[in-house]
Amino acid sequence: MTEGRGKPVGLSGDLAVAYAVKQADVDVIAAYPITPQTIIVEKLAEYVNDGELNAAFVPVESEHSALSAVVGASLAGARVFTATASQGLALMYEILWIASGLRTTVVMALANRALSPNINIHCSHDDAYAARDAGWIQFFAENVQEAYDLTLLAFRVSEDKKVLFPSIINLDGFILSHSLERLLVLDDKEVKEFLPPKEPVNPIDPDNPKTYGPLDLYDYYIEHKRQQAEHFKASYPRILELMREFSEFAGREYKPIKTYGLEDAEVAIMILGSSAGTARYVARKLRAKGEKVGVISLTLYRPFPVNELLEAVKGLKALAVMDRSYSFGSPGAQLFMDVTAALINAKEKPLMFNVIYGLGGRDLMPDHIVQVFEMAKQVAKEGEVKEAQVWVGVRE
Amino acid sequence: MSTKKLGWRELPIGAIITTPGNSVEYKTGAWRALKPVYHKEKCVKCLLCWIHCPEPAIIRHEDDTIEIDYDYCKGCGICANVCPVKAIEMVMER
Amino acid sequence: MLVEVRWHGRGGQGVVTSSELLARAAIKEGMYVYHAPEFGPERRGAPVRAYTRISDEPIELHCGIYEPDAVVVIDPLLQYDVDYILAGIKEGGLLVLNAKEPADVVVAKAKEIKLKVWYVDAYTIAMEIFGRPLYNTPMLGAFVKASGLVKLESVLEAIKDRFAAMGEEIVNKNKEAVKRAYEEVKPYEY
Amino acid sequence: MEKELKLIKSIKEIPIREDFAPGHRLCTGCGIPQLVRMVLKAIPGPKVVVNATGCLEVATTIFPYTSWKVPWVHNAFENAAATASGIEAAFRILEKKRGIKRPKIIVFGGDGGTFDIGLQALSGALERGHDLIYICYDNEAYMNTGIQRSSATPKGAATTTSPAGRVIPGKLERKKDLIGIAVAHGVKYAATMNPAYPIDMYNKIVKAASIEGPTVLHYFTPCPTGWRADPSKSIEIARLAVLTRIWPLYEYEDGKYKINVLVKKPRPVEEYFKLQGRFRHLLDPKNKWLLEEIKRDIEENWRRLLRLAGIEE
């Protein structure tokens, strides 16, 4: 990541998100506290009560109501924000689908946290994956700078007339949410240039009454779903354009997919969130010793960058797809299923296996990454996958 | 929205309905078994039938006489029941 | 250059704040940082760790610190818990203790792995300045002197930013605590 | 600033304009449309309707048709009050920031969406003090899913999940006190309404709409299907509910309770029960104990209201 524009400051992931939301001049915030997201909404409440942000802060009584309220506010034409994690996302689940189906422009920060049981406040990607089918654009931040930038970008993307879908910015609970990093923050005026006030499409208007959220039976439901699906797919090139625009604007490059070392890598790790940096750190050291290893990570998880992935894996002999979650009874965990499905018809594709790591905040250490690269090398050497799914960082 | 069922490309986004009150295109009069008949000469213009009608299928005129809109009347009989002077009578549909 | 510092203390002593202030001071000098509290519900009195990673290049590592270049023990009693505080510390690394005199047990181990040991009586400093055993800013001052990693002025500025909302008195007391420890901390001669 | 209230004395004063179109698919003889028509008539300015999942929602907006000539929003079952909160908050801030005119927010929820699954969201909205009128159309069971008991189902009523069985003769629990719940949240105005009393109803809606902040209206909704009653008798049944003291018409305003229809000599509850299949088993001598219990409950509730209204017995 290049430096780009902005003033250097030290902020935690949560505070960086809150700062971006303030700069976005959001109109309505509704949220319910849940660790590790709480700091975001506490800070936003402070901005509002100190008069630094002219927004309505709706201190709802549950996450279900948080998302319900911002859905309503978005339909009314407001720029809206909420944040949650884990159980909160699970409680919102029903409304996730409605938020997308009604084509709202909700932006939500998800400070990724493991789902119960057992209750744990630390990082897993269970919550992000739980939202994957619901029609939300999903970004994964790798560091605090990205959490900030992607929050600003998310408003622009969601409200774009060629998109009109809600967005989630994933930031690893504690590892990013509560950790302070140096980042560059843009000037308020610059943010306004990139992100002008929302121009609502079909807002609630008593002079032009519309019916939102009707009963939709078998004679129309499937057409509406098809439309939503096609529009979601079609949003992809537009998201790409907006990522490019933001990159130029901020001087920091954003692409749906990040690759490292793939020009000559024989084996690679694919991973989401803050651990991508750890993987790259290890890969860099290994490459310095002449090992042909690489790392793939996603900044954009939904819509899934299929073509970019196809391009990236060319020449790879083995790919370890790492999931910070588990999908019971399925052929692989969630990212693994995405990746294998994306590559299924590719002429050239690596052997793939799934690595489960980091559940409930178990630290992913550089040694674990070394271990996974070793497994990948073994698979590449043997030309077959003996174990389709393995766990690292767990006591046997 | 006409009777032609639109494809996904033509439908408004978000499944919204942009034509307020277009349920009038759906005639519920066919549900009716009993039919209210209005006897204007008996009517005392109390408007109880008008205010209690669940559709609304009772049209209130400027002079507070009424007219029954058989396109929508489901024949519940509330109007006949609330009429204090029996100006509405329920009869067999056919 | 990548320097990894691990802070040891107990809940309520400001371990996390020490690490955060160091990170903020480093940012002022144009460096990259990753400051992370030990993740877990904080309980007053329970042992707590915090991590500061400082580099002149962007930091990609997002994991805990297992092989620190420096360890700062802000609680005076934890120096007896030698294996815990020195776990993974690099040979020849820096150890900063809150102690009138380093305990024999810690000195013995430190000598074995050639640590540079510095110590300061942060208890006395804290009691005289705050009237309470608040060790975070004195131990930060001690670390800054012992490590030379950041300038004293950067730390003082970071304190001003961090405590401004709490009023001038708090800012000044913390500055004073940093400065006194900065002056009083001394290397242990084996 | 006191707004001048346009209260009415005669049905003739009720505006002709209809913002609720026919062609909806509510059951024959349903009591809900009368409420909706009245609300849209009594609140003339710009307004937005938020609707919880339920009979009203499904029957009036079957895509591609809508009976609504005002903006209408349905989100889900339990979150109408939360959705309305967000809309209200949005318009309030958009009014400040962009000069957009703030409409009146009206919420309709059935008894399921209000008493049960939506109670938390309603409590939150009332506590936060959003400027909205929450109206519960209470048909005393989950009618949309096919007549299952709710916490608004009255004692003794048979539903599909509280059937009049050989051992347990219908629902044995009392109905929740929605107005009490609303008042406990500190709302300025709350009232019960009944379709047999249209002028009272109209004026209550006008009063509720005149208040800045949350208000709660509780409407008795005859349901011929769920109550196993003659659709033509919906209004007759509704009136009997008041005259038997089963559904007292009262309001809470500025800290005071007022009984709007002071029933001096109540009609026998049996008259009300015999018109509805859901209560018919109560007239069986073997269930006399339950009937007696219900009568005591009604009596007790009436005395409670008299006390609240400061009326000597």
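Letters A, B, C and D mark the chains as written, and numbering starts fresh at 1 in each.
Here, a residue touches a chain if its C-beta (ideal position, glycine included) is under 8 Å from a C-beta of that chain, and two chains touch if they have at least 3 such contacts.
Bear in mind the structure is a predicted one, so any value in this text is a computation, not a measurement.
Each of A-C and A-B has its own count of C-beta contacts, and the greater count is at A-C.
Chain A has the C-alpha centroid lying closest to the overall centroid of all protein C-alpha atoms shown. Separation between the centroids of subunit A and subunit C, computed from CA atoms only, is 34 Å. Taking the mean of the C-alpha atoms as each chain's centre, subunit C and subunit D sit 64 Å apart. Subunit A and subunit B have centres, each the mean of its CA atoms, that are 52 Å apart. With centres taken as mean Cα positions, subunit D sits 23 Å from subunit B.
Shared interface positions of subunit B, i.e. residues touching 2 or more other chains, are given as 6, 15, 17, 20.
Contact of a single residue of subunit A with at least two other chains is seen at positions 102, 209-214, 216, 220, 224. Within subunit C, no positions touching two or more other chains are listed.
Taken chain by chain, the contacts fit none of the simple shapes, being neither an open path, a ring, a star, nor a full set of pairwise contacts. Those chain pairs judged to touch are A-B, A-C, A-D, B-D. Subunit B contributes residues 1, 6, 15, 17, 19-28, 31, 45-48, 50-57, 60, 64, 69, 71-72, 74-78, 80-82, 90 to its touches with subunit D in the complex. Across the complex, subunit D meets subunit B through its residues 11-12, 14, 16, 18-26, 28-34, 37-38, 60-70, 195, 198, 224, 230-236.
Against subunit B, in their complex, subunit A makes its touches with residues 101-103, 164, 201-202, 209-214, 216, 219-220, 223-224, 226-227, 230-231.
Contact residues on subunit A toward subunit D in their complex (touch as defined above): 27-28, 30, 54-56, 58-62, 64-66, 68-78, 80, 94-95, 98, 102, 197, 204-207, 209-217, 220, 224. Across the interface of their complex, subunit A is touched by residues 46-48, 50, 57-58, 61-64, 66, 68-76, 78-79, 81-87, 89-94, 96-98, 100-101, 103, 120-121, 123-124, 127-128 of subunit D.
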